[in-house]
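Chains here go by letter, A, B and C, matching the order in which they are written, and residues are numbered from 1 within each.
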Amino acid sequence: MSIATLELDLDLFSGPFDLLLTLILREEIDLLELELADVVLAYLDHLEARGELDLETATEFIVLVAALLELKSRLMIAGEDDEELLDIEPDEAAEELLARMLDASRFRSAAAYLHELLAREHGVRFRRAAPPAGVLRALPAAPEDPLDPSILGAAIGRLLVKPPPVNLRHITINRVSLAERLAHLRTLLARGRFNFEDAVTGADRMTVAITLFALLELYKRGEAAWEQADNFGEIHVHTLHEEVGAPVSAAVAAGAAG
Amino acid sequence: MSDPATEGAAEDPAELARTVEALLFLSSDPLSLRELQDATCAEEPALIAALALLTEQYAPGLRGIQLRELAGGYTLASDPGAEDAARRLFSRPRAATLTPAQAETLAIVAYLQPVSRPEITRIRGVSADSAATTLLERGLIEEAGRSQFGAVLYRTGTQFLKLFGLRSLDELPDVARWDPTPEEQSQLRERLLRAGEARAESGPAPQ
Amino acid sequence: MSDPATEGAAEDPAELARTVEALLFLSSDPLSLRELQDATCAEEPALIAALALLTEQYAPGLRGIQLRELAGGYTLASDPGAEDAARRLFSRPRAATLTPAQAETLAIVAYLQPVSRPEITRIRGVSADSAATTLLERGLIEEAGRSQFGAVLYRTGTQFLKLFGLRSLDELPDVARWDPTPEEQSQLRERLLRAGEARAESGPAPQ
């Protein structure tokens, strides 16, 4: 499993871990009020119930919790009623954040460069075909180290697993669903771009949160991206992928509406 | 699609010949005159002239690649004179590993053969194109005709049994050992398709 | 393996060029000088002469096929001039378009390889899971063992160099080239500070 789907049942919040992160980033949940120890305990409970340690998930969890701790300690210091600290802290915090943003910006530029390289290769295709039958037949009988056929059975076993049904009822009280918000955003996206605020006009906090979650989902799937010129400024959402875009999305939206 | 520039280009026999050459190079199946015409938007006489030009360029003995006219159309193939070298090339030892995507695709072909590419995609929930092509290139799967809907069908290839040290397909391990819900009665194919579709739905986006 | 007939053949540069051409046609991966040598049983100078001959035959503008030096070897590829026709024939665009998330993930892997998924997430600030999965699926990145903490490590593979037209990773420019200018850095710093102050003023810190 991914750490994103870890179910939490805390005083302040119940739902999956990644929704918690979203709400914190959106400042819908005050990180200062959240007992991070409870999050860690919930994860340990989950590990115990599972009976095995998935190292990749564990690493991801530690990174995320460390980030939350860092953020929280920063908030706590900045919140102290101390003029001097207030003067210094944002400075240092900014330096740290700046270092991270520079790192991210470097690789965003590198990504843009890769796009250029790819564009330069536009229209260059490679032949991909099986070798002639005669050549294949003549190949040596067996590699020295044959693969274990059980990897094939195990692969089929994995493919037979059905996903658990997605259920967000406990946090949405059935009024708003991720699917519905996705459909809503895709309908708006059909226009090409829109303002996030317009997508949630008059909505309650939970709907806003689920809508934001839906937007993250669209971003993850390469359907949408956004720009925000200033911190706390307006969020402009635009469509990303013409290929994945209009027709299918429209069909999904229509299906969800009906 | 067919803007004036393309149309104009199609008039130049040398340029049309280059385009046809590229198409024949890329396609692993023979291309009919009709398919070439649709792709190049050229008139039939121009196309025939281009093919004549290519036939000259690929005259026997000139190249390591031959232009052949088969029942199904035109195709490029390696010169048989290079077969010894080709055999040496393909028998060079290579790491006998499979990526997870390749293992899944190969398992689907092994247990369900013949199986179509769209079926593999439905079961896996993601496109299997890259994995399937690599398996084809390694001779682990091969084409086995077309389904009634025209999709390419796959079965395991000559290298499959060799890679796993099996004598026959009967030696494939029984899936029951890894079955998460052995109580289900329906056929393996049905169950795989249902599970794949359920996974595709749980992720809300179209693929 | 190397019977006298083959040896003799290898002496004739035109014939060797034909054999090399056939091998390049058959192989989907670029072939290194070494691999060509092993397959043709030719001496290196003869092989280099044969490749020079092929390079002439495939000089730009002559053919619908290009001879390219990519990913540490030689390979044949279609001429971009045929792309419109190829798209009509295969009814799909050339495989590789990248979403911004995929491009960023790929850039991080290309520069920092081997690099783990949590590390990619840390740099990007958002999860790289689905982007990494797609890149894996398309063969642009591959697994490269595990970190000391057990996280899967990624590196780029041959497919990456091929599709991006690179001979080797050394051709990628130094990542420092994209460091923001001092002015940009100070602008960014100021903006961060302003945001921090805005927050300090507006947010009555909860107890």
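Convention: contacts are C-beta pairs under 8 Å (C-beta built on N, C-alpha and C of every residue); 3 or more make two chains touch, one makes a residue touch a chain.
Everything numeric in this text was worked out from a predicted model, so none of it was measured.
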item	value
Chain located farthest away, centre of subunit A as origin (C-alpha)	B
Chain closest to the middle, measuring from C-alpha centroids that were averaged per chain	C
Centroid distance [mean C-alpha coordinates] between subunit C and subunit A, Å	26
Distance between chain centroids, defined by C-alpha means - subunit A, subunit B (Å)	34
Set of subunit C residues in contact with two or more other chains	25-26, 28, 76, 78-79, 81-82, 86
Subunit A residues counted as touching two or more neighbouring chains	125, 127-129, 131-132, 135, 221
Complex contact set, residues of subunit A against subunit C	2, 4, 18, 30, 32-33, 55-56, 58-60, 63, 75, 78-80, 86, 89-91, 93-95, 97-98, 100-115, 117-118, 120-129, 131-132, 135, 216, 219-222, 225, 230-232, 240-241, 243
Subunit C-facing residues of subunit B, complex	1, 6, 15, 17-23, 25-27, 31, 35, 38-41, 62-65, 76, 78-79, 81-82, 84-86, 88-90, 92, 99-101, 126-127, 129-131, 133-134, 137
Subunit A partner contacts - residues on subunit C that touch it in the complex	25-26, 28, 66, 68, 75-83, 86, 93-94, 96-104, 106-108, 110-111, 116-118, 121-127, 129-131, 146, 149-152, 162-166, 173, 175-176, 178-180, 185, 188-189, 191-193, 195-200, 203, 205-206
Residue ranges of subunit A in contact with subunit B within the complex	125, 127-143, 145-163, 165-166, 178-179, 182, 217-218, 221, 223, 244, 248-249, 251-252
